[in-house]
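As structure tokens, here come the structures.
Okay, so chain A shows up in both of these, paired with chain B first and chain C after.
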Partner chain A sequence: MENYNENNIFNDEQEEISDVHMLMKSWINERCSPDILPYNNLVNDLLEQLEVQSEIIDSNKNENVNAAFQNMLCQQEMDRVKFILKNYLRTRLNKIEKYANYIYQNPTYYERLSDKEITYCEQYKELVDSHLLKSSLETAPAFLQNLNENNMIVKPTLDEPVFCRVKEDIGEVQIQGRQGISITINMKKNNVFMLRYKAIESFLEEGRVELL
Partner chain B sequence: MYADQGAKLVKEAKKTQDILPEYNIELVRDVQREIRTLHHNTTVLLRQYDIRNSSQENPGASASIILHHQSLKRNKRCLLAYHYHRLKKIEEFCWELGHIPQELLPNLSSQETDFSTEYQSIINDYSSNFTGIDLSSSLEPPKDPYIEIRVLKDCGEIYTENGLVTLSKNSQHYLRRTDVEHLINEGYLKHIK
Partner chain C sequence: MALPKYIQQSVFTPSEIEFISEYEQITILPLQRMEAITLLEGTYGPFRPPLTIKVPLWLAVTLKKKHKCSIQPPKWLNIETLKKKKQREEENEKEFSDLPTHYFEISSVLLDSASDDIPYSDEIKILLKDIREIRRRKTKKGLELLNSNYIQLDNLGLMEINEIRPFFSKAFNDMRKLEEILPRFQDSQASQTYSMASSSNRY
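Moving on, here comes the complex of A and B:
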């Protein structure tokens, strides 16, 4: 019985490592990209695993010195995972707030957000719009009251330069440069490039590059 | 006239990037008044001259209308920039402390106070989906699970994993960071390095 238990814990940890690793990648990509990336559904799995882990810690809390030491290490690791989760979610919220109007007008963006993020985005947009209207433009003539003029909507700058590492051989790729000049680069595994985000957007989606 | 006041508003926002100064209701009202005057002038001008058909004949009038219209748009931009800049500051407080500090409350307009309460409830709605983690805690990566803290202001008893701890002024404790983080943010405790 004891053996079985240990194995179980061990398996759980193994799984957690890979999940945490995946989340870390999503987190780094999210932080480095100017655009909002698709939501990583691992968040909820990880939260459940954290819960399980903290129950394990609680259950062998008073066993012996070794267990106490092990618990502290676990606790620290859990704090780190929580930090990444929190930072991942907050980074996304930050972008959602910034681009709320743009997201609202482009339903394709909804697919990248979680249901909760969609609610957040809609509530936030409504709140900000109504505040701005009430406090600044309520008495202004109607033609000035539009808050969604084209030049007022903040869009993600897809031309922003990003660093990326190639994860698998992609081969020759045409990159649009300045003033319509295009250049060809050879993207080999483990190469690092600095390119416009737009140029590697599709590769990032397919998981063939990662941002740095 | 012609968006001078609006520019003043924006300058004020720019000068006070790190703090939240008193809401400048008078300047805001001035700009709003200017918008109405400009709009009034434009309608009068438009009525006087039939610009659409004969802009060539009255270059003066059409230039005047364009100038008025541009000032209107500029004023709108300045007003929105000022208010939006303040919103961002308020949002920061909501995330960091969970509320606006008491001493800053008089600096907010009544609409801004409403905004902060509603924004807070949006945050809470969202955070309640993730019970395991405290979304509003510090965005600094954690170094140690336990930290040494000194109590600056009495804050009574708190629950920690080892039971109740009484935090009385000037005492020093070694506690879980996550248990006391919000008290550090609020200025009750000090993290001793």
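Moving on, here comes the complex of A and C:
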């Protein structure tokens, strides 16, 4: 069978994957996963690169027509990268807001967030808590006032289905299906599955699958 | 809210998927000389006609719009290959033919902006539409296979996945939730049949 994947940016066979492509993968994975994934440190690098690039554009401003055209292309690319960056960070903020209470109580989640995100999460939680308290909870009976009880906390559902593509041959894998029954599936390169996020969580971390 | 509602629901918008596919590499033939261009994602060029060069799709389209290059269609985007794919698509009811993940987005971007570089572009448009229809029919049929364990959807494109995602995810989740309650239900049913069996044994 013919293989068209040589044109594929998601292919590992490409010797060098640029920061932009790496960030894009993180963005796609983040958008598709029900859980918060570890923060990609490339964000800061890319912000710096963007600044350098805009300085270069500025310094080339008054040169010939060719340079003007190249500047336009650079500018266009910068806008694209900024879009990915913004969307990546906003996707994460959306999840942080949703699971603020849960993150707050689980130190393991702190490792996945950047320093700024941790500050955001804590402040957001404080604000929401104090707002709820002031607006209604104060008048409720004391035993209903606790916001940190287990059933009050929204957790990421790891059983949610995700679509994923296998990036390398993994072979026979045991996944947990309904009612905890384990099922064996054969994961070969370029297979596409829809399954529970929980089942491929570790593979995603190792970069052996990607979400779609 | 950090993300607009419509994005939270269907995961990707079609324009976002097009955006993602615009990072695929494509071969172009530059029409005029240009120095190498250093972008954040890498350096492309120098552009020296008549040497072809690979660039990301978005760059190819921009250059094409400024009449600075002509685009060489990817090797699957021609009548013969697509006819074969269509045939395979029709013959094999259970599988999707091996078109690239972004075949739909790339072809629509190229047919939109560079149809003069693609021979027989009108016929290709029709073929692509046919293929898409057949594949769509198959995904609809594939709904029968949906269960709360897993389904395999090899060769399905990103746009196609995104199309079925809201419905498939919802169905998957509903089945999963029902099955979480089911063991209790099954247990009570099993004990019922058991009591019936034992009572029939008595007769």
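What to note about this one:
The working rule: the second predicted complex is superposed on the first by the 194 of 212 C-alpha atoms of A that agree within 3 Å, B and C clash if a C-alpha of one lies under 4 Å from a C-alpha of the other, contacts with A are read in each partner's own complex, and residues count from 1 in each chain.
We adopt the following convention: a contact is a pair of C-beta atoms (placed from the backbone, for glycine too) under 8 Å apart; a residue touches a chain by one contact, two chains touch by 3 or more.
What you are looking at is a predicted structure, and each value in this text was computed from that prediction instead of being measured.
After overlaying the two complexes on the shared chain, residue contacts for A:L127 are found with chain B alone; chain C is out of touch. Contact with neither chain B nor chain C is seen for A:D169 once the two complexes are overlaid on the shared chain. Set against each other, chain B and chain C differ in how many residues of chain A they touch, and the higher count belongs to C. Look at A:F83: by the touch rule set out above, it reaches both chain B and chain C.
Of the two partner chains placed around the shared chain by superposition, chain C is the only one that A:D159 touches, whereas chain B remains out of contact.
Of the two partner chains placed by superposition, A:E206 touches none, neither chain B nor chain C.
In the overlay built on the shared chain, the residue A:L50 is in contact with chain B and with chain C. In the overlay built on the shared chain, the residue A:L93 is in contact with chain B and with chain C. Contact with chain C, but none with chain B, is seen for A:C32 once the two complexes are overlaid on the shared chain. By the touch criterion stated above, A:E63 is placed in contact with neither chain B nor chain C. The residues of chain A shared by its contacts with chain B and with chain C are 50, 76, 80, 83, 90, 93, 97.
On the chain A side of its complex with chain C, the touching residues are 1-5, 7-10, 16, 18-21, 24, 28, 31-32, 46, 49-50, 53, 66, 69-70, 73-74, 76-78, 80-81, 83, 90-91, 93-94, 96-97, 159-161, 163, 165, 175, 177-179, 183, 185, 190-196, 199, 212.
Per the touch definition, chain B reaches chain A in the complex via residues 28, 32, 35-36, 39, 72-73, 76, 79-80, 82-84, 87, 91, 109, 111-112, 114-115, 118-119, 122, 125-126, 129-135, 137, 139, 141-142, 144-145, 177-178. Partner chain A is touched in their complex by these residues of chain C: 1-3, 8, 11-12, 19-20, 23-26, 34-35, 37-42, 58-59, 62, 66, 74-76, 98-101, 147-156, 158, 161, 165, 168-169, 172-173, 175-176, 179-180, 182-183.
Here chain A touches chain B in the complex through residues 43, 47, 50-51, 72, 75-76, 79-80, 82-83, 85-87, 89-90, 93, 97, 116-117, 119-120, 123-124, 127-128, 131-132, 134-137, 139-141, 144, 147, 152, going by the rule given at the top.
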